[in-house]
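Since the structure comes first, as structure tokens, the remarks are kept for the end.
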Amino acid sequence: MRFRHLISIEDLSRDDILHILRKAERFEDVARGLKKLKVLEGKILANLFFEPSTRTRMSFETAMKRLGGEVINMTAQEASSIAKGETLADTVRVISKYVDVIVIRHPLEGSARFASEHSEVPVINAGDGAGQHPTQTLLDLYTIMKECGRIEGLKIALMGDLKYSRTVHSLIKALNMFNNEIYLISPEGLRLPEEFLEEVKAEEVNLNDVIEEIDVLYVTRIQKERFPDEEEYRKVAGSYRITAKTLERAKDNLIVMHPLPRVDEIDVDVDKTKHAKYFDQAFYGVPVRMAILHEVLI
Amino acid sequence: MRFRHLISIEDLSRDDILHILRKAERFEDVARGLKKLKVLEGKILANLFFEPSTRTRMSFETAMKRLGGEVINMTAQEASSIAKGETLADTVRVISKYVDVIVIRHPLEGSARFASEHSEVPVINAGDGAGQHPTQTLLDLYTIMKECGRIEGLKIALMGDLKYSRTVHSLIKALNMFNNEIYLISPEGLRLPEEFLEEVKAEEVNLNDVIEEIDVLYVTRIQKERFPDEEEYRKVAGSYRITAKTLERAKDNLIVMHPLPRVDEIDVDVDKTKHAKYFDQAFYGVPVRMAILHEVLI
Amino acid sequence: MRFRHLISIEDLSRDDILHILRKAERFEDVARGLKKLKVLEGKILANLFFEPSTRTRMSFETAMKRLGGEVINMTAQEASSIAKGETLADTVRVISKYVDVIVIRHPLEGSARFASEHSEVPVINAGDGAGQHPTQTLLDLYTIMKECGRIEGLKIALMGDLKYSRTVHSLIKALNMFNNEIYLISPEGLRLPEEFLEEVKAEEVNLNDVIEEIDVLYVTRIQKERFPDEEEYRKVAGSYRITAKTLERAKDNLIVMHPLPRVDEIDVDVDKTKHAKYFDQAFYGVPVRMAILHEVLI
């Protein structure tokens, strides 16, 4: 076993990441329902979601069930009832006595690591507030690998809220391990924090200047809550919005990604272009999570 | 495959309906837990219920599991979180990447059809507001077939709210395809809308005048919200209420049906009579949904 | 089959209890995931929880799944929607048409018995208000059997709220069937009700006077709501609190139990002592519930 828990993408080496991506590839036919495999039969996963995240929860549930395993979900009402009556340590201690693996999502940074310290079984972090969401990063890398044929030597633009987006921060670190050229496209006030720029090589650009060269355009949501003024938000959001027209000068094989849900940042007219890969990206979460579950359980 | 999606009972031909009812009959022993069949092993159903409907959701879940399939439920909290953050089209696009069939219930008419247009897998309508609820109609027909021995040439009385009841509207159309004689028993103000009477042959009667002749008495709930005045509601509801006494002059093999939940429209003293078939009717939802799932998945 | 439904611990004979405990022991390796057994394959359990109880629900779900069975959960939203629209009798009548066994938790005393009278399948009481919670009592006995080697001739102290605690009342009755010496440690106002003292032999003591002799210390929560005054609560709760220091003079093999969740009544410094068995106790719920499900289903 390469790792017992999966809490942060930074716990993984370059080699660990490649190992998971290759394993995910082997599971892809099973994820698509084309082949049956019951390698996790008799194993039980507990989904402990202390805040809702439909896509992530359902994708873990699908991954587990496609491999023959079982899933127990904590309900929202149970989560809030627990939050009132018991420490997270006690909850995890007990539930780890029942099941074989715990997937946790929690609004507080650090809670997944904390949970892993009190669990008798592997813990997978499905997002802990401003903290980490390593399975998202792995499925992003897998999408790039499948759609671009490699995860090295690519020109990748990250666009939108680069300041607060957990998804972007983890992805930049991972992309950097694989020698990609990274472009940043963000409004003033939502730029990538300085500390990242010390670690990773990336430059701030205008989309128009790089659209003909880039292989990947990774779009994230700009959240209204970040702006003191609605008018200001609308102006910014409007100019960080992708349409089919935006992509006219793009390379044939440019792919557009988005962690979803999207609001307005990608126009629906992009959906029908050959560039749109955000729904496939959501699907790729299934084989990647199958690989991770297989890794910690077998 | 006779149909890819099941959105409206009107999408089905007379022959399609008979095909499903016969298939349901073959699954009945499995539905009763008397036989095991794993014909849907490895398949996954997603229940997307944007409003609660315990009976329908549980009956689909039972149907899928009795055939060896798996079920993923969206929680109420997830539904409301999605409703705020994403279009129905995007939700369906993503979830149809995970699973093999989607069952949707939604408060807005037309939403099931809309969902099917964005899904990569079959969509089954489990009720869309004032729209359709085709599996309810099929289980109603199945109940009549099993309890009366046929679904043709019967005298069938529909009683209660005939104006707003989606269940009644779909059932009338289906019964009409099979040459039944239809009687309508409803208070003024809750009569069957004119447009139906142009399509189907049915006459308004008093229960007392037909009780000795009818084979089926299908009762539906009269909802308080339909009346501007509580006093008026009570008067009407009181006179559209079935008791054991009401049925004294009925034929021996008259069956009483109800889509449930009932409130006061059928007295509990009817439960013990040989006429009461509304709980069996709920059970018959299982083999009928098994047949539908089998039809779209295999 | 020794019993069809499991509503109250008092429905079971001494012999029935021993039979379940022995059966649980045979399932323990399966509960730990060390062995696979699909003896309940094809069977479906419905969890009808009208109030949240994560531990109990998840433990039943684990038990059923470890034996190859399936589980259908009613959601909290469905529960409240049912509560508004339908009698419990009708709900149980319908759901017992779908599944093979019902586990019910309900805030009203007597509701589990009532449900069993309207069900076509076995009903297991998972707590009905001030009423019974028989599977908790059985797992408490099982914990004692496993950790003390026997359930007879022990010195057992029950501490905390002995007046209102349903858990304590059922446990005392069961322990009494097996000739144990029972000590009671409770604040004034939360003493064991008189009627129990007529049935069972037990004496009120101070913990300090018996700590060197007892084999089991069963701690329960003292609830703030029982006190008219917060200051009074704090004083009482503070003096009914176990720490590692409290246990210094205890026998080597004293076990400390707690039905969980705990708040402050057991300090976390006890967790690391050899005496702490409350998390194991939670685990033991799984084999015990497996035994009960097997008993009513096979």
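Letters A, B and C name the chains as they come in the text, with residue numbers starting at 1 for each one.
Definition applied: a residue touches a chain if its C-beta (ideal position, glycine included) is under 8 Å from a C-beta of that chain, and two chains touch if they have at least 3 such contacts.
All values reported here derive from a predicted model rather than from experimental measurement.
Student: Line, ring, star, complete or other: which describes how these chains touch one another?
Tutor: Per interface graph, the chains form a complete graph.
Student: In steps of 5 degrees, what rotation angle do you get fitting chain A onto chain B on the CA atoms?
Tutor: A turn of 120 degrees brings the C-alpha atoms of chain A onto chain B.
Student: Taking the mean of the CA coordinates per chain, how far is chain B from chain C in Å?
Tutor: 40
Student: Please list all residues of chain B that touch 2 or more other chains.
Tutor: Residue numbers touching two or more other chains: 73, 75-76.
Student: State the interface residues of chain A toward chain C in the complex, per the touch definition above.
Tutor: Checking each residue of chain A against chain C gives 41-44, 46, 70, 72-78, 81-82, 85-86, 89-91, 93-95, 97-100.
Student: Which residues of chain B touch chain C once you look at their complex with the stated criterion?
Tutor: Checking each residue of chain B against chain C gives 33, 36, 52, 54-55, 57-59, 61-62, 65-66, 73, 75-76, 260-263, 268, 279-280, 282-283, 286.
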